[in-house]
């Protein structure tokens, strides 16, 4: 199996930020992403999925180290995101088929 | 990138157990979780997602080793869970932004 | 925690291929899978989730190395899949409870 | 005998599922339809309740509760001794058959409307009442009366199950607002009732057919039980209807309550209370055999039985 | 005073949520119901607008805009000085209360229909108009007039918010197609309006009750503000209605627009424009306190106020 | 010419999507609406079929099948020789245009109802019939008649496609239950038909507009084809209608079937059968160009054509 090692960044955040965040991510250079609807609980309370203001999205990004760092810095530096309910984590994946992996 | 290494436990199980399982997990000390709707197939047959008794949920928990072990023991020791259709796996993730990572 | 190390293969592709792909995967020997609805963007454009022809699914397969390789070869060799919008990646997971992990 | 159009939708769903057509309603729509059915059935009953003294019904509610205890007690020995199921499985199946199916009840209501037969207005109250005792009896049959069972949690799980609560919300609002609610809510709740039921049954046909594949696995006894027991239970229901002095229409609905088996509330409750029970067994019986049997054959059959016994 | 059945649905939802019943509408259905309400309200207004000169309304629209600026300017000092909230939080809450709640407006429409009171046809136009100024005032209150604010993006976020656009689509089609649209769209949009509102309010009751747990966290002042401020705002609305020469029914609706607080469009817009504001604070106030208060107590109370002042 | 209100909904959706308003129906609702349209169209046709000898239609069904073969055979050389598309892409687009769009058909039905023009009752049968031949012709055009094609799988994919099955379920139940079904199902299926279509078209406008961005990518020829070919196909349909002796209304519907292009069933089937075809190309043409053209300009234009030719 020929694979390319990439980072996978997962962002779990409020559904009604979707447009704004995707906008920011694309500005930073993201070319591909996957979005899944979610509900959950965290430091900022329960998101029960009952309605839009009360739901989460899970954004999955396959990207290289450089872009991951760029996004990380953006999230850390931008006041805006400090006030948003958001959880971000990284792991490593091996991508089989090359498309736009950012 | 400043990250904290954590465990990610994924539990795929029957949708109508959601309330009961979240209840148990919170009793064990879980403070944050994410829930995603899913369908699938496994040892206990097809879950086609057609209706509630026939759907799965995927619960994602970011937690530390100690809590992961505690949940693992609970699942292994409790007869209850033996009879539920359930798949549990662990991986490692690097959490960027600290909220409630359990 | 007694765990078994397995591969996790994630396939993100067009929703209206679900039946065909699951059919192929089961022919190859897959016994268990999880399917999650998704939307996203990649080399083949935006999948906005607005309707069936415009949505993705994320298929998650826990399997061993041999089966993963078999699927990988099938995807690489079959012309059919070359023309489909599809992203495939692998990672390692530790499965806690044994069911049908393929 | 001409089939009710809503039953044709059920058969259509059943058929296309067996033909492996890849169609199902989005689950949000399935839930929407069942919410509409539950609230509307509740509202209908509530409006009628508002016209009479609720106090007068206490005796009859007691009788219906008794029926809800009796039916699983009849089912259990058949399943345990004749069917040779494990104790916990026999108890679980018995609990399913002691409880009720709202979908079957709705088909009965549609049947009576089509045949212009009236029925006692408070039947939906019995629908609510019957959801509970069977589960309790089932747990006791499985475990005996042990301290282990968390009865408080059980009660919460059962009494506050979605279906019961929605029926009750409808009953209560119908009762509190009375007849005048009709004008307000007719175009959304009452008038489309049969159409909603038709689409609901299309989906239920699909779901029921997907259970058929499991029949082989569970064997012939289950099939026989799923067809014969409802008729026995219907006869029990008919006797209770006779004692309670119900009209022909009311008797049919009570027979349907007796003969139908739960496939929503009880499976969920039993899953928590009796995790060792095999959920496939009871769901296949109630959803894959008894539900189609009742919808297609049972309802008109029970009507015939009631006509003969009560001299329609 | 007898409760409107649709309000009973709200109370039912509130109650079952407090009882921890695990029920909510699928979110697709919730969205569907609110889309239906928005389009229908828009269509109703549009049909009526088609019968009059839109030009005649320019002056009144200006007055309503003024009201939309005034209300947050009254709310802000109360929140900032008396409530001792942070500047940004006071501004954010003020923006919520300057804007409107379509759900509350729909309850008002249902109330007037039940009481057979007519109202000016163009009220939905004001509903649209009032969504905007409060957000702008809120941002200026929070930040002053700095270059930092991306007003173009803000305008896009606000003017093109889903709820405004759907109202506007309805208004426009109703205006362009006129009365004849009634025949075509009645069975899907107009006739089921109250039923749709009832089911919508059942869900809103559940959602509102889930905010109640946060009341403790935010303290008594917020509760008091959420109850008292709507009454003040309703009085402001009544004065504007008087100046504009609205009928009793129109006055009630303008009071409801004044007294209600946004829980959909403004939270989303403020989240982008004022990220430092605590969204829980304003949502709890508007959704957990003011919405239930208005639906249950406010609407009939404001009607009484209007009757007394305008001599209905 | 005054626009039908349902068409205004389409234009509204198209417009707000171009304005980048972030609105779309939940996909469960979109599916629900199309399921309702398909079943209702089927039921309508079935009820009418029940009134006549199905045997009498065999000849006409054959003619319609012929038309379904002919249209892609006309489209293919234009696409391959003039448009210089790859063989597989030309064949795929031809298959889309040989098949039909239920949404466009429903707009035609609404148009005829608005203008009080009657039409032959069995048109929905042709809707079902036309879904199949174009796909088969498309595959043969692309691959020749090779052994490679799994025709059994293809037939299963096509005949058992969701849309065909739902139309057929409606046709069958309508035929079996006959006129009397009207009373039962009217408030849910028939009466709200135009309202459901309106909301469906709002969403389709949004979806169609999202294809517009791709027009640049695929060039001017595709745009021209998407506008001119439907008119040619409509003329073919008119000739067939003439031969079959259809009424003015029936002729319009057959023209619409000829002129419209599939954007649901065929894309899915072609994706499996001709994976090398570029799905963007055919979807952009059928959904982004032809669908809006037909809904806004085509339907009234074809009606004019039919009036002139048949001397309405």
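Think of it as A, B, C, D, E and F in the order they're written, each chain with its own count starting at 1.
The rule we apply is simple: contacts are C-beta pairs under 8 Å (C-beta built on N, C-alpha and C of every residue); 3 or more make two chains touch, one makes a residue touch a chain.
Note that the coordinates shown come from a computational prediction; the quantities given were computed from them, not determined experimentally.
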So which chains are sitting against subunit A and subunit B at once?
C
With centres defined as the mean of Cα atoms, the chain at greatest distance from subunit F is chain B
Does A-E or E-F have more contacting C-beta pairs?
E-F
Which chain's mean C-alpha position is the greatest distance from subunit C's?
E
Rounded to the nearest whole Å, what is the centre-to-centre distance of subunit B and subunit D, using the mean of the C-alpha atoms as each centre?
33
For subunit B and subunit F, what's the span in angstrom between their mean Cα positions?
46
If you average the CA atoms of subunit D and of subunit E, how far apart do the two points sit, in angstrom?
41
Set of subunit B residues in contact with two or more other chains:
36-37, 44, 49, 91
Show the residues in subunit D shared as contacts by 2 or more other chains, in ascending order.
22, 25-29, 31, 187
Pairwise touch list, complete, is A-B, A-C, A-E, B-C, B-D, C-F, D-E, D-F, E-F
Considering the complex alone, what residue numbers of subunit A touch subunit E?
14, 16-17, 20, 44-46, 48-55, 79-84
In their shared complex, subunit A is touched by residues of subunit C numbered 10, 12, 36-44, 49, 56, 58, 68-69, 72, 75-76, 85-91
Inside the complex, what are the residues of subunit F that reach subunit E?
3, 5-6, 8-9, 12, 16, 19-23, 25-29, 114, 187, 191-192, 194-196, 198-199, 202
List the residues on subunit A that touch subunit C in their complex, please.
1, 3, 6, 8, 31-37, 62, 91-97, 99-101
Can you check the complex and tell me which residues of subunit D touch subunit E?
26-29, 31-32, 35, 39, 156, 160, 162, 165-166, 169, 172-173, 176-177, 181, 184-189
